[in-house]
Structure formats: C-alpha cells, structure tokens
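Structure provided below as structure tokens; questions to follow.
We call the chains A, B, C, D and E, going by the order they appear; numbering starts again at 1 in every chain.
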Amino acid sequence: MPDTTQPVLRIEGISKSLGGKQILDSVSLTLHKGELKVLIGPSGGGKSTLLQCINLLIQPDQGRIWLDSEEVHVSRKRDLYSFRQQVGMIFQDFNLFDHLRAADNVAIALRKVRGWSRRQATERAMAELERVGLADKAELYPAELSGGQKQRVSIARALAMDPKVLLLDEPTSALDPELVGEVLEVIRNLAAGGMTMLMATHQMSFARALAKEILFMEGGRLIEQGSPAKLLAPGAGTRTQSFCTRLWDVSEREHPAAPAGEIGPAGTC
Amino acid sequence: GEAPQEKKAEEAAPAAPAQAEAKSYINGIDANFPPFAFVDESGKPSGFDVESVNWIAEKMGFKVTHQPIDWDGIIPALLSNKIDFIASGMSITEERAQKVNFSMPYWIIKQVFVTKADAALSLDDMLKGKKTLGVQRGTSEAEWLKEKAAAEGWNFELRYYDSAPLAVEDVVNGRIDAAAMDDAPAKDATAKKPVKILGTFGMKEEEFGYATRKEDAELLAKLNEGLKLLMADPYWEELQVKYGLK
Amino acid sequence: MEFAPFLTEQIIPAFNRGLGNSMLLIVPSAIMGVVLGILAGTARAFGGPVLSRLAAWYAALFRGTPLVAQLFIWYFGLPNLGIYLSAYWASVIGFGMCSGAYHSEYIRGGLLSIRRGQLLAAQSLGFSTASTLRSIIIPQAFRRALPGCGNEIIYLIKYSSLAYIITFIELTGEAKILATRYFEFTEVFLVVGAYYLALVSLATWGLRVLERRLHIPGFGRT
Amino acid sequence: MPDSIEAIIQALPYLLEGSLTTAGIVIGAMILGLSFGVPLAVAQAYGGSVTRRLANIYVWFFRGVPVLVLLFLFYFGLFNLIGLNLSAFTSAIIVLGLTSAAYQSQIFRGAIQSLPHGQLKAAKALGMNEFTAITSIILPQALRLSIPGWSNEYSIILKDSAVAFVLGTAEIMARTHFVASRTYEHLPLYMTAAVLYFILTWFGVRALLHLERKVRIPGYAVHQG
Amino acid sequence: MPDTTQPVLRIEGISKSLGGKQILDSVSLTLHKGELKVLIGPSGGGKSTLLQCINLLIQPDQGRIWLDSEEVHVSRKRDLYSFRQQVGMIFQDFNLFDHLRAADNVAIALRKVRGWSRRQATERAMAELERVGLADKAELYPAELSGGQKQRVSIARALAMDPKVLLLDEPTSALDPELVGEVLEVIRNLAAGGMTMLMATHQMSFARALAKEILFMEGGRLIEQGSPAKLLAPGAGTRTQSFCTRLWDVSEREHPAAPAGEIGPAGTC
C-alpha cells in the first residue's frame, strides 16, 4: 500500500497569468508514491490550468517542479520529454487525435515515443480499450464515438503509457454511473499498484471514497487541504463543506419530506 | 471593326476635330523585333516599320496607332478585328498568305549565323561539326534547318528559344555555338554584345510585307500605294541609315 | 489546310513527344515541391526564430518573383557564377523550388486550423516536438491543406509549359512551334488545351481519390 | 555594368507605369475570384448533388484549360461572337477572375472542411437556415483559415497577369521584354522586373499576414507564429 | 404548474443507423407542456443521437415528429427552421462558435435568426450570461474558457432563444456542485414557467429531484420508463435501479464502516 515516505512529484510556487489575469497564484503541493489527491473547487478556479502547468503543457510564469527529487528544466528538451512520458494526463475535453481511430489513438504514443512495433502497440492498445469496455469500438474515429466513449479512450491512452504519475482532469464527467464505478475500480487498482495520482473532479463521492487528501482550489490558490473526513465533516465550517452542500439544499427543497438517507449528499457531493 | 477604330481615333487625335472623318487604323507590332519594331526609351513604339507606316499614313491621309502585341497573338488579333494590319517585319510565307493578304514586299532579309566574337569556326563546322545551334521557335529558319538537317544528314542539335535575342544570350554564355537569325537583328546584336555575324548558311532569302485581313482590300491598296511612294522617296534611304539597315 | 491529316501527321506525334517531356518535368518537381512545402511550412509555424525567418524569406522570395525570372536565373544567370545547369535540371529545380514556396503557405494555412488540444495531448504523452509534428500535427494539417495543394499541383502542370522559354521543349513548346509555323492557332491550341485538360483531369481525379482516402469522419463531407 | 544600370534607370518609369496595369488586373481579378469562389466552395461543400456537380465542372474546366487558351477563347472568340466589345484590360480581368475563382474555391473548400461538424449543428439547432449558418458561422472561420492560401493566389495572379499581353495589355513583363529586346540587357532587366514583382507581392502578402494576425482567434490554434 | 393534457412534442418510431449499426431502434415518446423528462442509460446507448434526431440535426431513417400537433417535415425548409427555433438544444460537447466571444456566442442567433438589433441582442446575451454567473467572462473566446464556463455559455445560448422545448444533453457534466445547484434552480424555474424539457444526464440526483418521468435507454431502445420513485425504489428490481447502484457498491467497499446516510447513494446516483 501507499509508501508515503518518498515524494514522487513536488511543485512549488507555481504561478501563471493568462490574458492579464492571475490564474494560478503560487501553488505548491507534494505527491507521495501511491497517493491519490483530489483537486476540487469552483468552475474557473484554475484546476485545469494547474494540471497543465504541472505537466509543463502550459509554461508556468514562476515555480519549480521535481519528479523523484530531480528538478525538471524546460530548457533541457530531453528531460522534458521523458518527464512527460512519466506523467500521464487525462484531459477534461479529451483531446483525442481526430485523425486516428480509437485503437491508434492509444497505440500511437507507444509506437512513436516508446518505439514499439506496430503489432505490439496495437495489442497493448486493444488490451487497454478492453479494460474500459471499448474493444468493439476500436475501429471508430473520435467523431463517431459518444461522449463517454471518447472519455474512455482518453483514459486508455494515458494508461497505456504506464506513467508513474497520473494527472486526471475530470475523468468521469461524461460517464454513466456504471462506468464511473468501473473507472473508480481501475483507479483504485492503480493506486494499490503504487500509481501516484492527482485528480480534478466535481464528483465528491470520489474524494470521499478514494482520496487521502482533498485540495480545495479557488481563485488560483489552494485555500484548504486535508482529509475528506476532516474537511467534509458535517458542521466542519470549511469552505469545502459549504461548497459541497449547495446541491443538497436544492434537492432538499424539492423533496422536503424525503428521508435524508436516501437523497443524502445528493448528486455531485 | 469600326467602333474600336473610332475610339482609337479620338484617343490619337483629340485636338483635331476637323480631321474626324479621316480613317484611323491600328497597326499591331512585335515590339521585340528591333530595329523594325520596338519600344523606345520613352515607352513609345518606334522602329523602321513604325516610322515607315507613319510616313505612309500621313501621305495617304489616314491615322494610325501602333499596338504592341504578343507575336503569338498577332494574327488572331488581326483576324478578330482587334488590330487592322501588321507592319512589323513579317516574312511573307505560304502558310501566312492563306490567312492574310500581304502587301508588296518592302524588304529582303537574309538568315545568318551569329557566333561569339572570338570563335574560330567555319560555316561548315556549324552544320556538320556536331554543334549546338539556337533558333527562335516558330521561325522559318528554325523549320528550314530542321528539315535540311534531316535531308542532308547534318548533325547539329537545335535548341529553341522564345526570341532571337535570348539565343544570342546563350551564345555569349557558351551554351550554344551559334544562333540562326535574321540579318537585321543580328547586326543590332553585334553592336551590343560580343558577337559577330558568321554569314549566311544557304537559306533562301525572305521578303517582308505588311499583312491585312483578306476582306480589307481598301486598306491593302492604301498600304501598297503608300509603300510605292515611300520607296521612291529619299526618306526611305534616310530611314535605312537611321536604323542601321544600310 | 485540311485538319484531319494535320492533326494525325503533325500535331499528335509532336504532342505525344511533348507530353513525355512534360511528365518528366512535372512528376519530380511536384514531389520536390510537396516535400519542400511541408518542411518550409512547418518551419514557418514551428521553427525557432532563425528557422522560421529563413523559411519565411524562402517563401517570400520564390512567391514574390515570376517563375520565368526564376527560370532565367537558374538557366541564364547561374553561368555567371560558373554553374551550368541543363535546361531540364534548371526547369526541375526551378519548378520544385517555386512550388515548394506555394505549398508552404497552404500547409501553414492547414496548421492554423489545428486546435491546440491536439498538440497538448501529444506533448502530454511525451512526444518530442519533432514527432508531435510528424505524427499528429502534419498528418492533420496536410489533409486540410490538400485542396489548396491540389491547386498548386495543377498550376505546376500548367506552368511546366514555361520550360520552353529556357529551351526545354515540352507540350506547349511543341504547340507554339506548330502554331506559329502554320498559323492554325485555334486548332493547335484546342488540341493542346485538350492535352492539358486531360492531364489536369487526371490530377483532379487523383487528388479527389486521395482526399477521399484521407477523409476523417467528423470533418469535411457531411 | 554601367550600361545595364543605365538601361534599368532608363526603363524604370516605363516599367512602373506597367505595374499600374498589373495592379489593376490583379485587384479586379482577385475581387471577381473571391465573389465567385466563395459560392463555388460552399456549393462544393454543402450543395446538393446537382449544384455540387456543376461547381465541380466549373472548377475542372477553369483549372484544366490554360489561361492563355481561355484568353484566346474568350477575347478572340466568345466576346466577339456575342458582340461584347470589351477592352483588352477588362477582358483580362474577367478571364483571370473567372479562372482564379476556380482556384480560390478550393482554398475556401479546404478551410470549410477543416471545421468540425459540431458548429454547423449548433447553428442549425438555433434555428438558423443554411444561408445564415454558413455566412455567420462557417465562413467567418473558414475565411480566416483561407488567408494564407489566398495570399498564394494573389501572388500567382500578380504574375499570371503577364499572359494578358497576348491581348495587348502591356504590363510589367511585356514591357520588360520590349526593353530587353532593344537593349540586349536581358538579365539586369529581368532582375528589375523580378524586384518590381517582389515588391508588389511583398506588400500584398504583408497586408494579408497582418490581417491574418489581426483576426486570429485567441487560444484556438496550435500555431501562433 | 405542468399542464399535462396538451402534448407539445411527440416523436414516434424514430430509427437511425450509423456506420452500418442500428443506433436508435424505433423510439417513441411524448412531452407535455411544462414537463421534464430525464433520459438515462449507459454510455453509447444512443441518448445524444436521439436528442439530435428530435431536432432533426441528424436525419432519422424512420419516424415522425410533431410539435404542437403539427407534423414536422424536413422537406419544408421554412417549417424546419421555425421548428428548430422553438426547440432549443444544449450539446454534450458544447459546440460553441470558436470565432465568437462568449457574449456573441449567445447573441448571434438573436441577431441573425430573430433579427434583433446588435444592442438588443447583446443586452439579452449579457443578461443570460449573468444568470449563469459569467458576466465577467463575456469578452473571452471559447478557447479561453474553462470547461464549466464553456458549458454555461452553451446553456445561456440555448436559453436566450426562449425555446418552447429544450433538449439538454448532459448540461451539468462539467459543472461544480455549486453551479449544478444553480443550474438546477434555473431548470426548475423554467419548468415552473411552462418550459418543456428532455434531458440526458448521468447525474441521477437530477432525475430524483426534478423529473416527472425517467426514460432508461440502452442499445438504442427505451427499455424502461416511469416515475423516479417507481424505478428507483430500493428493491424495485428494475434495470434502472441496478444501473444506479453500481457506484454505491464501490464506495461501500472502500468505507465499509461509513454511515450509509453520509455516503448514501453516492456520486452520480
């Protein structure tokens, strides 16, 4: 199980401005091996920007990043590429390669980055698609896939590279409850296998069910962090707590008589 | 073909309303054919043919403008009334005579070889010495050389150029050994480039004439009569001297 | 003049000879053009400051000057530097270089239409910049540039006729020789027009097949 | 080379005058080409089978037949036949413009087809008819993406306008030939013409590049250069 | 409140094949005025395809559609456009107009379809953006918006047209809990105002909180339909019920000791 002594990924003081607005304001965090941290917060809070900065897809204005206690320098292209190979990413809007079929979307990095043969790569790609229940859609292009199918291809694509660290940007937003369950299971297994993960999500059940720690992000800063139990405890008085009970109010009003146990912390919280 | 002529007439002589009845014609010229027709330093058509026609027009009482036009398009332009005649060093040939009427011949032209000024080659070398010769494509010398070579077993290689001056350019560059061309432009070339005229090479002499549309007998008559007058006038000699044709 | 014998005895043999020469020009210069175009177009969009500047100048120079002038320089100008190219090679190099400049602009247009997400996704998987371009960006950009590049290939077919100016006699050269000699402009140009139309039709068809084969669902044809 | 320099200086005003003719033809033909090219592209991308076929035939014909031949056919043939007495200049604009429309349509079509289908769907879902959807959603984006290709077409017509000399419009290239034939200063004069063309192209291409940057959609493309 | 006597939208026997596969298999449904029906089902089940067929964005192979008891014919272009004006749509992947700022994305249809002046349209657009909390992002282009912001612009765009019927394809997938609550509130108000809605969603709390009826779609068919209470009742033995309890299992296993009331029908159900 998680070995918390060894930081796998560490970022310090990441700041970023876009269009003249400060989007990230000196964000620091550490991920230990096998740890899963969950990033939550209001829309536009900077979650996606942070994840992309960690991967250096967006160049932070300031800040430093270490992987396995080696600092990552953008200027050394080699290092950058190998860093990114080790840090997988699942995008909020999938960003599948439009010109490739599902199987090739998964296989292409194996071939072009890892240098695998076409056969090897396709075999692995099929195995990954199988894992997310898409073996029969391998031949379809992104435009022919449903929302949930696209999202699953993007998950398969990231997993196929066997990354050390995985950054997940709302990986289940388009999935139905059954699939959410399955993906959750996959994530749990990855964590058990020592994968380190940082996940932005709006589905608080995830945080509750899996995360060791919740990071609450608003206005480009991490304003609260702690275990789910601590932050979400009823009456904890945290921002996280109030953020997550909004939906509750709504449901409550509609079905005032419904037993709390059933509708409960409904929907996303 | 009346309308464009009238329009041209107004352009050509806006200051002479009294002469409005005078017929006005457009002469199509190949402005790449000095000294017969070219465009002078001020951008105006000029040359031996141009000045001859101007003289004739004045004598015969018509107006004329000179329109430079691509050699490839010059006969179609004549046939479709865009121009009215061609006085621009055009050889009288059988093929052309099927399409247009020619005036009386006014000039005899010989075809010559032009070589580098310091070349020491004889005419015989040119024809039988595995040399490379340049010609302007579509000219009679090009055709003649090609046919004769086949018939006589001459072994030169022919290279086709867009215009004779370009062939001269490649003589200077040394890519070809000689350019075959009309003697008048050849003389022009020797004045401007380090080349010399090697001499004629046995081709029949050709005659230049003015070309008109077949149905335009009136104009042809005027041109013929004008030419006769001009060639009898001392101005004819003067022009030849002016353009280095004598 | 009788048209039928003129056609079979003069035009057709001359044109078929010219056609062969035309193909010898077009095919290598088209290939050279596409390759140069992809390189230069990509360099303009993604090459660092130096490379993109260089590529931009290449495109500006070769698009900015008439092809005839370029051919003149390759053929009549280089001898001044002691370089003698044959008419054929001067034509192929001249056409290829010029064509590449135009292709580069179409490719750049194609690159403009690729969303950032595609680049981000590739880089997140550890692709180097070069292999991102090669495997992800260019394949998409090329597809989108293809109709434009088709234009350039068709222009090339037609411009190949300029080779006659530097003495390489292909289809148009043969036509001009015949036409100015017999003054059968309409006939000769109708026939040469038909030849070019056939060549262009072939290219159009080939391009359409290529476009169809490279078609990606979700883009293009509805 | 004092001779050649003298020849160039001598010829310059004459050539510059020719560049006005060239510019006139180019601007006319580009505008004509644009106004025919866009509908052609739309017909090819969205038209029914008949419209599409007609547009294909148009493009095939005008791309297939050399401009020189088209000039001959129209100026000496068609225009004469229907009694249309157009000047060589106007005729050149019409023929070059109609031809350019065929090429421009392919540039626009490429751009139209690089837009994902979703946006057209969204436009239709809002109740837009095809015309509005295309003119206010598709074309604004497609035309942006067409600017590089369009600059190609500009620089091509700029130089293609030289063929108009078969009709007798003496633009830059024809004038260069004249002067070169008289002075035998071929190379320097062609260089001068090339420089003139280069300047004209450069200004046009610069202006289009500026336009391209100005209308660029923030954050959209990979390529910002 | 809802007037159920008058069917606003009715579809019958809609079928569609794509890529040689039957995606929709003879789907029929009726929406009455002021009614909200929720479409749920596994990923790839055909929900998005159905919504787009209703709007005739995808041409169904078979089937008929009535709006206000007038049949809609594709061949009559006029009718088709006016039909689509009355039937709003929010897309799963937003489909914002890339070349327009947020405000113009909302305003364009008002100007071009409704013929409003630029000022009028912009005013209304700003009001709609305000309603979804995006007044300060009106000047940004789609590529500069976060996932949740894009989704909200697409909601504002549909609402600005004052449609009679609204088709919503996962309108809250990218929203945080706070916003989900707000959007829910908006939807509730619309329903109260007599808007007729069909919503595809994976967030079952919606169904519970708002829907009169749930439609369960799988393999291109509507296989179950009924009130949430009926279909989701514990032990109802329905496919819907089993579909929605999958996530529960997962959470349960992780925190076996957690009080059911807290984690409850966690996540999406």
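Note that a residue touches a chain if its C-beta (ideal position, glycine included) is under 8 Å from a C-beta of that chain, and two chains touch if they have at least 3 such contacts.
In UniProt terms, the chains line up like this: A, E = Phosphonate-transporting ATPase; C = Amino acid ABC transporter membrane protein 2, PAAT family; D = Polar amino acid ABC transporter, inner membrane subunit.
If you're wondering where the values come from, they're calculated on a predicted model, not measured in any experiment.
Path length between subunit C and subunit D in the touching-chain graph (shortest route): 1. In summary, the chains found to touch both subunit B and subunit D are C.
Centroid distances built from C-alpha atoms place E farthest away from subunit C. Across A-C and B-C, the chain pair carrying more C-beta contacts is A-C. A separation of 26 Å divides the Cα centre of subunit A from that of subunit E. Centroid to centroid, with C-alpha atoms defining each point, subunit C and subunit E lie 50 Å apart. We define each chain's centre as the mean of its Cα atoms; on that basis subunit A and subunit D are separated by 50 Å. Between the CA-based centres of subunit B and subunit C the separation comes to 37 Å, rounded to the whole angstrom. For subunit B, residues that reach two or more other chains under the stated contact definition are 72, 76, 166, 169.
Under the contact definition stated at the top, the residues of subunit D that touch 2 or more other chains are 72, 116-117, 144, 186-187, 218-220. Residues of subunit C in contact with two or more other chains: 76, 115-116, 118, 143, 185-186, 218-219.
Looking at the complex, you find that subunit E touches subunit A at residues 18-19, 40-45, 47-48, 92-93, 137, 140, 144-149, 152, 170, 173-182, 184-185, 188, 202-206, 208-210, 243-244, 246-247, 249-251, 254-255, 260-269. Within the complex formed with subunit B, the residues of subunit D that make contact are 10, 13-14, 17, 72, 75-77, 80, 85, 88, 165-168, 170, 174-175, 177-184, 186-187. Against subunit D, in their complex, subunit B makes its touches with residues 3-4, 28, 31-34, 38-43, 67-70, 72-73, 76-77, 79-83, 163, 165-166, 168-169, 189, 192-193. The touching residues of subunit E, when paired with subunit D in their complex, are 52, 55, 57, 77, 81-82, 84-89, 91, 93, 95-99, 108-109, 112-113, 141, 143-144, 157-158, 161. Against subunit C, in their complex, subunit B makes its touches with residues 71-72, 75-76, 95-96, 98-99, 134, 137-139, 142-143, 159-162, 166, 169-170, 173-175.
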